[in-house]
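One chain, subunit A, links the two complexes that follow: it is found with subunit B in the first and with subunit C in the second.
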Partner chain A sequence: MTAQIRIDPTLCRGHAICALFFSDAVDLDQWGFGKVAVSVIDSERDLRRARRAAAACPNGAFVVTGADGSVDNGARRPRRLRVRAAR
Partner chain B sequence: MLAGLLVAALLVGRFAGTPTQTLLHNKMLPWILGRSLGVATYLSLTAMVFLGLWLRHPWRARFRRPGPESILWAHVSLAACTVALLAGHLTALALDRYAGVGWTGVFVPWGAQYRPTAVALGTLAFYLLLLVIGTAALAGSIGRAVWFPIHTASVVVFCMTLAHGVLSGSDGTSLRWVYVASGLVVLTLQFTRWLAGTLGHGSAVIDE
Partner chain C sequence: MIVQPDVRVHPGRGVARVDSLLPGLGPQITVDATVAGLGDPRALLLSGPPAGPIGEGLESHLARWGGLPPLDAAGVRAHLRASALDGRGGGGFPLSRKVETAMLAGGRPVLIINASESEPASRKDWTLCSQRPHLVLDGAAFVALALGIDEVVIHLHRSVGSASASLETAMAERQERGLADPRWSLSSGPDRYVSGESSAVARFVAVGEARPLFTTIPLAAEGPSGRPTVISNAETVAHLSVIARMGPDAWSGLGTASSPGPRLVTLTGAVNSPGRVLEVSGPATLGEILAADGMSNPPAAVLVGGFAGTWLLGDDAWQTPFSRDALAVVGVQPGCGLLGVLPHGACGLTETARIVRYLAGESAGQCGTCVAGLPRLADSCESLAAGTFRKRGVRKMSALADTVLGSGACGHPDAVVRLIRSTLDVFEDDVVRHLAGHACRAADHAPVFAVPEPVLAIGRDDTREWT
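Here is the complex of A and B:
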């Protein structure tokens, strides 16, 4: 059961909101730009937190990639997605 | 130890007891509370807006402390603090019989007998603030397309609150410099941030 998260450095503007929603997986540098500390998610709870962080990020820099390859950068209203088993 | 406590109790009673008694039995208590909570709300709102603007201001890169996470937590905490103080401000003024604001004046724009337009500015700012804070609290659920554009109205809330304080406050003269200084700081921060974004230097601070 895996999904992956990453922060697009070209889009991140240092709002630091991802750290507010998913502090366990995100480290901030001194300017507030996020770095992913834990990139692999293996629980539904963490996936929900990641999707909330993606939805809240004002620049769409926080990206969640599901095991099926679906990409969520919060552009649409987050759906209740399941973490699927990795192939 | 006991003697120390006794002395402390006597001193507190001597210096705080009489003014507190006078205040508690004052018929103007709701008005005094309403005004003081109004000023406290304004100061909390100013600090909240300041931190929100500072969080993504290009000048912040020159300062290592406080870090962005601390600023964000302080910003969120101040939002809760502002709402609590605002609830006290509105309740005190609604219960007050001296100024003639009442429940209608608090919740209905231009419903107050006391300086209707000045109070209406506060009422409208209150509704806008609820919208800004409510959508921010739901940011992870409703998505950035909704919450972030609404969040940029925070400066409008600040300007309306500033005008409300200046025009409706009976102590406007004594607080003049507080209003001038806070207004200048927030508007300067907003203008310079907008200027940096417009000129395209907003994200260039990482290269410094």
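Here is the complex of A and C:
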């Protein structure tokens, strides 16, 4: 499991959704543009989170690559966020 | 491996000699430092006729240099390896590595000669293309031969009319003469600073959009067209045409161990002839280079490597040899060989602010942090220069610079940050004075560097224009 993540700065528009799904790996600057803090994925759980972030990015800027360097974003759509009603 | 310093300067004599060399890097170098301009017989690339409207003709070129030596592809590649010819566009990447990467990648490579020279004050590629077009074309033909292709694209900015006219005349001359040349095409792209960056050039030639690419694969392995793309600076290939004729060892011997071969530099700022291009052989110091333009004392400071370069205090610069190793010791890269001179009495902070404002406007407009961050950095530099800054402002500016560093697809924002950091470092005393609210001693000094107006509208003229 040597997946890697990267953010294409030319596509990133600062929606910052990747940080919502995978805050450990993404640093946001003051405008919300993401910079990858930890690029190597070493657990199944992190890979799931990375794929969710990739699927959620509206610009396709967040990319997960497999061991051979090819894009491996996994599932196409993000799992729906479970929003609990405030009580 | 222990890297030894490649030059020792003998202060009293004004001549530097190479005393130690890395093993296996060409012959022992004993050439004296030489600095020569266009038409000077002591120069190599710049020797020959003085500046003219159309450049040296084929007759004169062949009479001085002889015909193309009968090399095959393997022979050219061996010459590239043996000479260790490094890229002269700014990155300093060895051309042989690019060629070999492209050969390993397989497929039919694309060769682009980058003569766009985006650095506004640099004139070396323009000088070669307009005055010595056959050296550039010879070299380009050799690289095409090494890659096994018969097609070369020469890329220029739209504004350099005289260079492209000179190249076209030279191409016609060669065709008439029946030289075994590749097919030439001239590409002219937008004048924006960042559009001369290599991936932007590759993308422009492939799909007509002159903006840098975000990619982790080297262009030489796979370019935007899907084919391996070798991009080489015009000066770099001009050197190859000379290497093929005089042999890699003799050519390397004209440089230093870390910087093989002669190098072209452009002078700008407070020099006698701004825009003058000089050829430097042997381990010349920056002082010797500036002395060739008639300067007798160290200036206040020198901006080395381009507008997005690094400042050196004049006294330090004067003693520093113009070689990759010696410059690296003082934290400087030779870049495109631009030497910008700041005179005594001018303000380095003001000049930097003007340059940063220009560079901020020249962003390709792709990466958010560059678009949002560089104008803010320019604001900070301007208020620092104007003396309306407080200490907190400098901390904020440094934090902003840290954010911007490494945030882009290309090196543009990083280069701006490097310039700002070197400014804060080199002009430390001035920074303190400006922060204390004292009036700038150079407040009414005329602007030193000819910084152009930035091309502000992004994407306005990003369309392809082919001939």
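Methods note: the second predicted complex is superposed on the first by the 71 of 87 C-alpha atoms of A that agree within 3 Å, B and C clash if a C-alpha of one lies under 4 Å from a C-alpha of the other, contacts with A are read in each partner's own complex, and residues count from 1 in each chain.
To be clear about the criterion, contacts are C-beta pairs under 8 Å (C-beta built on N, C-alpha and C of every residue); 3 or more make two chains touch, one makes a residue touch a chain.
Quantities reported herein were computed from a predicted structural model and do not represent experimental measurements.
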Answer with first, second, both or neither: which of subunit B and subunit C does A:Phe33 touch in the superposed model? both
Given the touch rule stated above, what does A:Cys18 touch, subunit B (first), subunit C (second), both, or neither? neither
Broader residue contact with subunit A after superposition on the shared chain, subunit B or subunit C: B
First (subunit B), second (subunit C), both or neither touched by A:Ala56: first
Quick one: is A:Asp8 in contact with subunit B, with subunit C, with both, or with neither? Answer first, second, both or neither. second
Which subunit A residues lie in the overlap of the subunit B contact set and the subunit C contact set? 13-14, 30-31, 33
Along subunit C, where are the residues that touch subunit A in the complex? 211-214, 216-217, 366-370, 372-373, 403, 406-409
Show me the residue ranges of subunit A that touch subunit C in the complex, using the header's touch definition. 6, 8-14, 29-31, 33, 35, 69
Would you tell me which residues of subunit A are touching subunit B in their complex? 13-17, 19-21, 23, 28, 30-33, 51-53, 55-60, 74-78
In the complex of these two chains, what residues of subunit B are touching subunit A? 55-56, 60-61, 64, 67-69, 71-73, 76, 139-145, 147-148, 202-203, 205-206
